[in-house]
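Labels A, B, C and D are assigned to the chains in the order they are written; within every chain, residues are numbered from 1.
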Amino acid sequence: MGEAALFWIMAPIAVLGALGLVLSRKAVHGALSLAVTMISLALFYIAQEAAFLGVVQIVVYTGAIMMLFLFVIMLVGVDSSDSRVETIRNQRAAATLAVLGVIVLLTAVTVRATLPEEPAGLTQATPDGNVAAIADLIFGTYVWAFEVVAALLITAAVGAMTLTHRERIFNRPTQKELSIKRFSEGAPGDAAGLPVPGVYARHNAVDTPALLPDGTPSEASINRVLVARGAARSTEEFRHRPTPADIEAGATETRSSVEGEGRLASDADEPAAGDDDTTGGERA
Amino acid sequence: MTSTLSALATAVATEGGHGGGQAVAEATGVFDLTWLLIAFPLLGAAILLLGGRRTDKVGHLIGCGASIASFVMGVVLFAAMLGEPSDGRAFTSQLWEYVNAGGYTVDVSLLLDQLSISFVLLITGVGSLIHVYSIGYMEHDERRRRFFGYLNLFVAAMLLLVLAADYLVLFIGWEGVGLASYLLIGFWQHKNSAAVAAKKAFVVNRVGDMGMVLAMSSMVLVFGSTAFDVVFASAEGASTGWVTAIGLFLLLGACGKSAQFPLQSWLLDAMEGPTPVSALIHAATMVTAGVYLIVRSAAIYDLAPDARTAVVIVGAITLLMGAIIGCAKDDIKKALAGSTMSQIGYMTLAAGLGPAGYAFAIFHLLTHGFFKANMFLGAGSVMHGMHDEVNMRRYGGLRIAMPVTFITFAMGYLAIIGIPPFAGYFSKDKIIEAAFADNWITGLATLLGAGITAFYMTRLMLMTFFGNRRWKQSEPPHESPSVMTAPLWALAFLSVVGGFALLYFGAGIVDWLAPVTGEEHHELPMPLWLLITITLATVVAGVAVAWLMYGRRAVREDVPAGSPLTVAARNDLYGDAFNEAVFMRPGQYLTRSLVYFENRGVDGAVVGTATAFGGLSSRLRRLQTGFVRSYAVTMLGGVGVVVLAMLVVRLP
Amino acid sequence: MNPTNYLVLSVILFSIGAAGVLVRRNALVAFMSVELMLNAANLAFVTFARMHGNLDGQIVAFFVMVVAAAEVVVGLAIIVTIFRTRRSASVDDASLLKL
Amino acid sequence: MTFPWLTTLIALPALGAVLTALVPSGRGTLAKQVATGAALVTLVIGALISIQFLFDVDMGVEAETYEWIPEFGASWALDVNGISLALVALTVLATPIVALAMWHEAEDEKRDPKAFFALLLAVEALTLTAFLAQDVLLFYVVFEAMLIPLYFMIGMYGGPQRRYAAVKFLLYNLVGGLAMLAAVIGLYVQSIDAGDPSFFLPDLVALDIDTTTQWWLFLGFMLAFAIKAPLWPFHTWLPDAAAEATPANAAFLSGVADKVGTYGMIALVLPLFPDASRDAAPVIVVLAVVSIIYGALLAIGQTDMKRLIGYTSISHFGFIVLGIFALTGQAATGATFYMVNHGLSTIALFVVVGFLVSRRGSRQVDDFGGVQKPAPKLAGVFLFAGLSGLALPPLSTFLSEFLVISGTFLRYRPAAIVATLGIVLSALYILWLYQRTMTGPVRPAVEGMPDLRTREVAVVAPLIALLVVVGFFPKPLTDAIDEAVGPTLVEVGVEEPEPLAPVAEHVEEGTGR
């Protein structure tokens, strides 16, 4: 009964985890959902007299492989999140059809198959316990396959290194060269470097935009990763609201900066967190 | 069975067959050297054509020497033959085995009998004279050596033609003379007209060759052999239908080579060749090969009266066509060529009369060889003096400037129109007699032909040698050198005495040829003196009309409009126009439409299939979007199908 | 408990994974969906091993895990490389496999 | 164990091909010398083998059989009879001539000539194997393998459209080869059913196959051979290949390599499928006659000299096929003899046209005119090659054409009569070509055209000499062919037609007429 209880508790969790993977917009959420599924699978393994596999599942899969995924997500995908708009024509329909077909097919097979009502159990097959029996098989019957798989792993490791390795073709630019480049190519306003967050601001936290000398907050001062995550604070709340008197006073002298303000203002009209779709779209 | 047959054929050849009614003996002694006749000119041709510029200096001498050597050999053989009994003058000498395929055996062997020796003497004799004449005529041509090479090649091929003892070997000679004729008509290749004429001659001859090939194929089918002895010996056993077919096929071949209707069109164009060529090939020898073929195949024609009738009709039509064309031509060589056609028509007609006419056909062939060669060489002499002018309307009064040419030409003239006692009188009269003996229509055709002949030859004489001088050149035309006039004298002499001598010298040509051709006496429908008188009267009438038109009146230099018949005759009686309208134009159209059909139809179908597949592929290519996820869907679907298939097969 | 339930769960997880591969454009998510499918298969193997009293199913599952590890290593390396050059982790952008 | 003459004959050019390929690139002349040397040595061996058959001198040439794939009953089985000997002689003779003719042409292509010469020797080895093979699988393998070097020879060296021509050539022949493969397998299945799986030709000939099966197998083989020896309407690859390949290559292709097709018809199809061959003969005869006339008419309509010669080949192949399927000893001997003569004649024509093209840089008839004036020798050999093409006696082509026509006349009279039209048409296309290119006023573009050089004379002279000598003395060769053709026709089970009018009785009567 314990197993049934475990199954009926963990199976929905596993399914939910799997659905979370498919449905979450952000890869990092998906990865975490998948980890949940994997852990529940590990429990199932243990429940089905495969203690060794269950542990391996947790250690290797959840521990190593999923961590690898998370690293890569952090490397490449933090500021990307999927749009739900399907770009390939009929892909959704075809996929639905195919998946439904597979479900029907496999379920039909599973249900129709003449399987033993009660499992045979592995007591006989594992007299010395699960791990020893598996060891016997791996280093006995399947030793050849084991060696080949070992070779495959090594090859994969070397392959990954080869793939990700980047030969340095140019010298790393020195600070001086970067500076010259900034002056010669960039806008003169950016020549001195981007503003640092928190300067002249009410906070010196990294999510606070810097205030420019004219008092306008600078969006460029905030790390774009924070913006993408929606973790940055809105520039709008730091904007100095000019009174009518101020406008009268500086109507003529600050014409150019007003234009700049207008631009910033229109930017700021959008919600700071932004819609993932549009932001992601722009970034892409 | 076939092998026994061929063995039998060999047996026939060795024991003595029935070439034309007399026993054929294995050649011994001097007759075993018959092959030398061919070898001399062949060697000459090989030396001249392969020798290159080294033989330029002495080329003409080698050429003449080869021809004369062959003539001497011919005389020796003739003398030796005279020493044999009159029914034992046929000799065969086997040179080598040619082929043996599927039971069909051919030996390269030569048959020397009365008929072939007559031709040998004509070919080598007249040929040698023309060789000598050519030394002078071609003196200024830088390619004279090659000219003599071709002439020697011709003589060799012609001798092979008349000496062969098998139709296939005869055909080798037949095509050999065709090649020589092609090369010599087109000798001045830089002239487009010459090249076209040469090609035309060859192609038209090839139409005749179709007949030859089919005749030989029929012989293989009917007799299992093409050897003379086998074919002649077993001809009686064949059905009349097949014999007639063979006769008609042979006639087609003869028409091609002898320029008989309906394959006559090439001969007039062939006058593009140098004049000695016209004299030797297109007057004296090669064009008579068709007559030789018919006479040689006497055994076949004797059994096929329908085929003989066809021969007579062809001969009669050509006789009149040639004569009419000859009346209207202003080109001296073309007028003579029309005359040649007409005279060969006489021979063909005679040959078609059967045993009654074979001997006379050969008789006329020989005398014609003399006087027509004489006149062609005379014409060549005139052209030589007139700077290659051939238009008779630019001649006139040449008898004073070129007396030798005039006198010798006149001998030929009197011979051809049949004035006794010149050569043509004897031979042509015999044919007219035989024709009348056969039936009235052929007789009248020959008689009419004689009248027209008299007319156009007189016209030619008058326009060339009499009347006012119409040539423009400042210094008067000069007489040709003696190397050219000597042959003229010789031929003129033969034109004078040839007929009488051949008919009455010794036993006469009729008896001489009788063992080969057979003999048959005919009953005339009227007394002989009356016929001779009528013939002579017709000839005189023809001469008189010509004199009235061209002798009394001055010849105009421009071409008068003329009657519709004259215009038609000037256009070769529309033979070329007919060929062009019926064969060439539709042929060109057919060729063009076939090329179109090939490119669009046959090749188009192939290329179209390829294009269709290409189009289909580019459609299918669109399925390849490059999107991994599309592929994944396909893959998943495919996996599903595979699983399903496995289940369907495995599940109960 | 009837072990068929495990198999049905396996089918469901496999199908969800397949759907993920088909509909998600993010290479990483698609890749993780593939892992999910592998895991579903592993679950079936383990269940079969228990049903038949034969350890071979577990061995196969073990090998699947190892091979999956190798695959992940190479696959992620490829994704990183592509991202470096194209600044995108969308599988649809890598669509050069056509004319 | 006597000396393996036949294997040696094949091994020599194969070895030569390897050696030529091994010559370092950049040393073109050395490669040419090696290749020509190998071809000449092969010629010597071929001549020695020929002596045994032509002049009845025992050189110890005999059939050879070595195991190849014993599981399938396939073997390296070679034998030679009159038919194959004729074609072997043609092949070994043609190769050095083609090599010599290609001497400078391969260089014009700015390519390493080495590849062409190595491929040429490879084709020679494969062609020889095809002519000698007594094993159907072996025959099939070389039949197909031959396409590869030929494909590269056409595609790498030649005119601007050469790639198109090469692909067309390959696709056409592959289609035929596919049909043949199916038929070969079908034949093998028949031998399995008979209890003794074998590809050995005599074993297969001995099989008793029912007529329906014969028909299908016949179609498979015949399609391959009809494409190879282009028979209307499967011919359109040949004009393209002939026009675009280098002249020497076109000469080898249509002169030698395509003979494998006609050889297959007479040496494989007839004995293997006698019933089907007998039944299908009228159809094939009609196709052959269409080929003769169609090829000739299209040749007349061409403006490209090499295409023109390609179409003449189609016409001549029509004669060969006609002779084979007339099913009389005379026609079959004539057809086999025709294969040799057509080879010599076509090679001569292509090679001479090649000389012209390389001098003028154009294949168009209209670009020539009056060539005989500046280059009389060239014009002379051109005319000679042309005359051999129109089967003028006593050149050897004549006898073969006559034997085919008269042999066909024995059985299919209308076909033979129509085929004789080919005689007229051949004269027309050859002489018209000669007239337009060689005679008439000299065109400015051909003024000063150089006459034949020594190498070129050396290429043409042997061909001309052979055409003449074989023309005068064909008997040794035709006897050897006739000896081999007889048993083939017995295998087909046709009666030789008897003469309608037997000669015997009239000889005894003695009066003749």
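Just so we're on the same page, contacts are C-beta pairs under 8 Å (C-beta built on N, C-alpha and C of every residue); 3 or more make two chains touch, one makes a residue touch a chain.
Here's who's who by UniProt: A = NADH-quinone oxidoreductase subunit J; C = NADH-quinone oxidoreductase subunit K; D = NADH-quinone oxidoreductase subunit M.
Worth saying up front: this structure is predicted, and the values here are computed from it rather than measured.
Engineer: Using only alpha carbons, which chain's centroid is the nearest to the whole structure's centroid?
Structural biologist: Of all chains shown, the one whose C-alpha centre lies nearest the global C-alpha mean is D.
Engineer: Distance-wise, how many Å sit between the C-alpha centres of subunit C and subunit D, to the nearest whole number?
Structural biologist: Computed value for the inter-centroid distance: 63 Å.
Engineer: What is the distance in Å between the mean C-alpha positions of subunit A and subunit B?
Structural biologist: Their C-alpha centroids are separated by 102 Å.
Engineer: So the centre of each chain is just the mean of its C-alpha atoms; given that, what is the distance between subunit B and subunit C in Å?
Structural biologist: 94
Engineer: State, to the nearest whole Å, the distance from the C-alpha centre of subunit A to the C-alpha centre of subunit D.
Structural biologist: 72
Engineer: Listing for subunit A: what residues touch at least two other chains?
Structural biologist: Touching at least two other chains: 88, 91, 94-95, 98-99, 102.
Engineer: For subunit B, which residues are shared contacts with two or more other chains?
Structural biologist: Each of 625, 627, 629, 633, 636 in subunit B touches at least two other chains.
Engineer: Send over the residues of subunit C in touch with two or more other chains.
Structural biologist: Subunit C, residues with two or more chain partners: 18, 22-23, 25, 92.
Engineer: Please list each pair of chains that are touching.
Structural biologist: A-B, A-C, B-C, B-D
Engineer: Enumerate the contact residues on subunit B facing subunit C in the complex.
Structural biologist: Those residues of subunit B that touch subunit C are 621, 624-629, 632-633, 636.
Engineer: Contact residues on subunit C for subunit A in the complex?
Structural biologist: Of all residues in subunit C, those touching subunit A are 1-9, 11-20, 22-26, 28-29, 31-33, 35-36, 39, 42-43, 46-47, 49-56, 58-59, 61-63, 65-74, 76-81, 83-84, 88-90, 92.
Engineer: Using the touch definition from the top, list the residues of subunit A that touch subunit C in their complex.
Structural biologist: 3-4, 7, 11, 14-15, 18-19, 21-22, 27, 30-31, 34, 37-38, 41, 44-45, 48-50, 52-53, 56-57, 60-61, 64-65, 68-69, 72-73, 75-77, 80, 82-83, 86-88, 91-92, 94-96, 98-99, 102-103, 106-107, 110-111, 115-117, 119-122, 124-126, 133-134, 137-138, 142, 145-146, 149, 152-153, 155-157, 159-161, 163-164, 166, 284
Engineer: Quick check on the complex: what are the subunit A residues that touch subunit B?
Structural biologist: It is residues 88, 91, 94-95, 98-99, 101-102, 105, 109, 112 of subunit A that touch subunit B.
Engineer: Under the touch definition given earlier, write down the residues of subunit D that touch subunit B in their complex.
Structural biologist: Its residues touching subunit B are 168, 171-172, 232-233, 235-236, 294, 297-298, 300-302, 328-334, 337, 370, 372-373, 387, 392-394, 398-399, 402-403, 405-407, 409-410, 416-417, 420-421, 423-424, 427-428, 431-432, 434-435, 438-442, 473-475, 478-479, 481-482, 485-486, 496-507, 509-513.
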